[in-house]
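Okay, got some structures for you below.
Presented sequentially are two complexes of chain A, the first with chain B as partner and the second with chain C.
For the complex of A and B:
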């Protein structure tokens, strides 16, 4: 009897696995803005790796800090060496769930408001993050956009200019077009 | 005599202050790292992927933020959301390749042809990632 149950469970798991779809991209975009009235501090990363599961709403974003490009090379070097310590901690990621994924109909074109909950790890420090975003479906391909703010000091990033030349809160702007 | 020393010291101070100001606020605003002129570490796609798979920390010590040159077969050619050309170069492992974002819009060979590129290593996600890459050599006949 037990064997039959296990077999049935396995069978259903198989169906469940087949039924869900994983959307992925290696070229998502994340913009970082910690500008203050004194200085423009902006960077773009066009090599964001992200995966999303349509049924469960599970979502992962991974970035290499070195892939953030600044207009000013010196600023980029400082960002990597003095603040994010890229050579020691080269990655940052967000792992979590779209908690209201059931409201999204992946087979229908449209815009859906989504709620994201998860853990954001930057500079080796993990923090719980809850934010909202938009999921747009065009031609069966989803795009996720969202803007949220993080307190730089929450992630153990220290430096002389934070809160002065560098804003104490950085704005993170996400746009990922999935395949 | 004292006056002369004072004047020359002031001159040196003013000149160096200007140089620092120029370097920090002007030069670095417009000048980025030039992959073209940097000496590259030459590896095969297989070598760098294996190095990252075996020991990411050690591989980062050898390759992160360094200019890497490698030759391999193109698995995929695509564009990122900002319109840059991206190339995936095959390694021995079908799941883990070398992912490159090119610096400029150039004509590249089609998939399955051989290409030599040079770029700055950003690290390892699902692939080894190169940024600001340029094409050193490519076989366009294929």
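For the complex of A and C:
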């Protein structure tokens, strides 16, 4: 009987080790808002590429800057050409870990507060970022949402209007539904 | 009875041992697999390299706005966006201080451009030069791109119809409504060489429904040349020249030199030009001024955009 127990325990640990799952999406959303009282500056990107590993909590977000859509075409052109310089630096990404991933039970529906730590690279400049977010599990599919702020000047983005017509801090809103 | 039972038990435990060994070895295998576990950071770096080749990146901002000085550029107004354009040309500079170097006089055009799709733009306008109304559309045929689809140039087609509403002088021949129409067809070929230089070629045909004498052909062919050179992030130098293959007698080729100044949501253009009129038939084929005699005008274009139709904005969350 003892041996059977050992066997069962071994069997379970074996499964636990094998079941490392990658959740991914290519249609995540990132919205940013750098509006000032003078001008509304908002854009949405609906083509965010993100992957997450459930056991290690490793997480990656990658966006093509040109896929940010503004209401004003001219503003979009200026954003790409003068501020983010997308012809030279087409992408931005976040590489990091969900540090409290062990508290998340992927097999159960629910909401979990998560802590994200990692490196955010925008305009070719990398900065350490730590923020909180929400991980929701509905029908075994996880969804991550989060809001955080960045200082535009921290990423080497320059321009006369930053801090005037453009807010000096941009609010970034993330929503990714994984498959 | 007892002995076989023990035997059976021994046999069973033997099986169990075997299974345990098997599972342990399996675990070892999975442990090795865990040691080689997925690294998303590496995966992402490889994905980025792949994307560079597999995604098409359309070149944007070849020119800063939809007009270079007088003529069209390859750029279109974005879909759902209304662009109100006010263009003004003062009098000629060589009229001297009495005329405040031309600033006492003015020719102007008010226009509305609207983007139906990202490829199709339509526009209407009214100029006080000959009291002309004009309407046009501009369609993108090809777009310059890099990546999966490598397209070296952008091509657009822009036809314009112009109606002169100025009342006629008494003539010996009867004048019909159709005689007040001009048409132009332009093919725009443009390339952005780098962030600093863009060039466009504009083969143009202007058609007059009527000309004063039969000796003058109704069709005028010309080649436009446009240049944009970036001076700083917000300042661009522009040049526009139309070389006419056959000219309307007494008129010159149009040459304009200017600056595009970007200010947040709009572009402000300041320039010198030898043309008076602002639509295609008047500035390409009816340019009176000559640069070498100071017969040029100072002018500006103001453009202000309004978003009429919002799109791709899912702001529900």
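Details
By definition in this document, the second predicted complex is superposed on the first by the 161 of 179 C-alpha atoms of A that agree within 3 Å, B and C clash if a C-alpha of one lies under 4 Å from a C-alpha of the other, contacts with A are read in each partner's own complex, and residues count from 1 in each chain.
The rule we apply is simple: contacts are C-beta pairs under 8 Å (C-beta built on N, C-alpha and C of every residue); 3 or more make two chains touch, one makes a residue touch a chain.
This structure is a prediction, so every number in the text was calculated from the model and none was measured.
Aligning the two structures on chain A places chain B and chain C in a clash.
In the superposition on chain A, A:127 makes contact with neither chain B nor chain C.
Put chain B and chain C next to each other and count what each touches on chain A; the higher total goes to C.
Once chain A of one complex is fitted onto chain A of the other, the partner contacts of A:62 extend to both chain B and chain C. By the touch criterion defined above, A:161 lies against chain C but remains apart from chain B after alignment on the C-alpha atoms of chain A.
In the superposed model, A:44 makes contact with both chain B and chain C.
After overlaying the two complexes on the shared chain, residue contacts for A:22 are found with chain C alone; chain B is out of touch.
Shared-chain residue A:95: touches chain C; no touch with chain B. Once chain A of one complex is fitted onto chain A of the other, the partner contacts of A:175 extend to both chain B and chain C. In the superposed model, A:71 makes contact with both chain B and chain C. Once both structures are placed on chain A, chain A residues 29, 44, 46, 49, 62, 64, 66, 69, 71-75, 80, 87, 90-91, 175 are touched by chain B and, in the other complex, by chain C. Across the complex, chain A is touched by residues 23-24, 28-29, 31-33, 60, 64-65, 78-82, 84, 86, 99, 101, 120-127, 129, 131 of chain B. Put simply, chain C touches chain A in their complex at residues 13, 16-17, 19-20, 23-24, 26-27, 30-31, 33-34, 37-41, 43-44, 47-48, 51, 55, 57-61, 65, 77-78, 81, 115, 195, 233-234, 262, 264-267, 305, 307, 310-315, 317. Within the complex formed with chain C, the residues of chain A that make contact are 3-4, 6-7, 10-11, 13-14, 17-18, 20, 22, 29, 31, 39, 42, 44, 46, 49, 51-53, 56, 58-60, 62, 64, 66, 69, 71-78, 80-82, 87, 90-91, 93, 95, 145, 159-161, 165, 173, 175.
Looking at the complex, you find that chain A touches chain B at residues 26-29, 44, 46-47, 49, 62-64, 66-67, 69, 71-75, 80, 86-87, 90-91, 175, 177.
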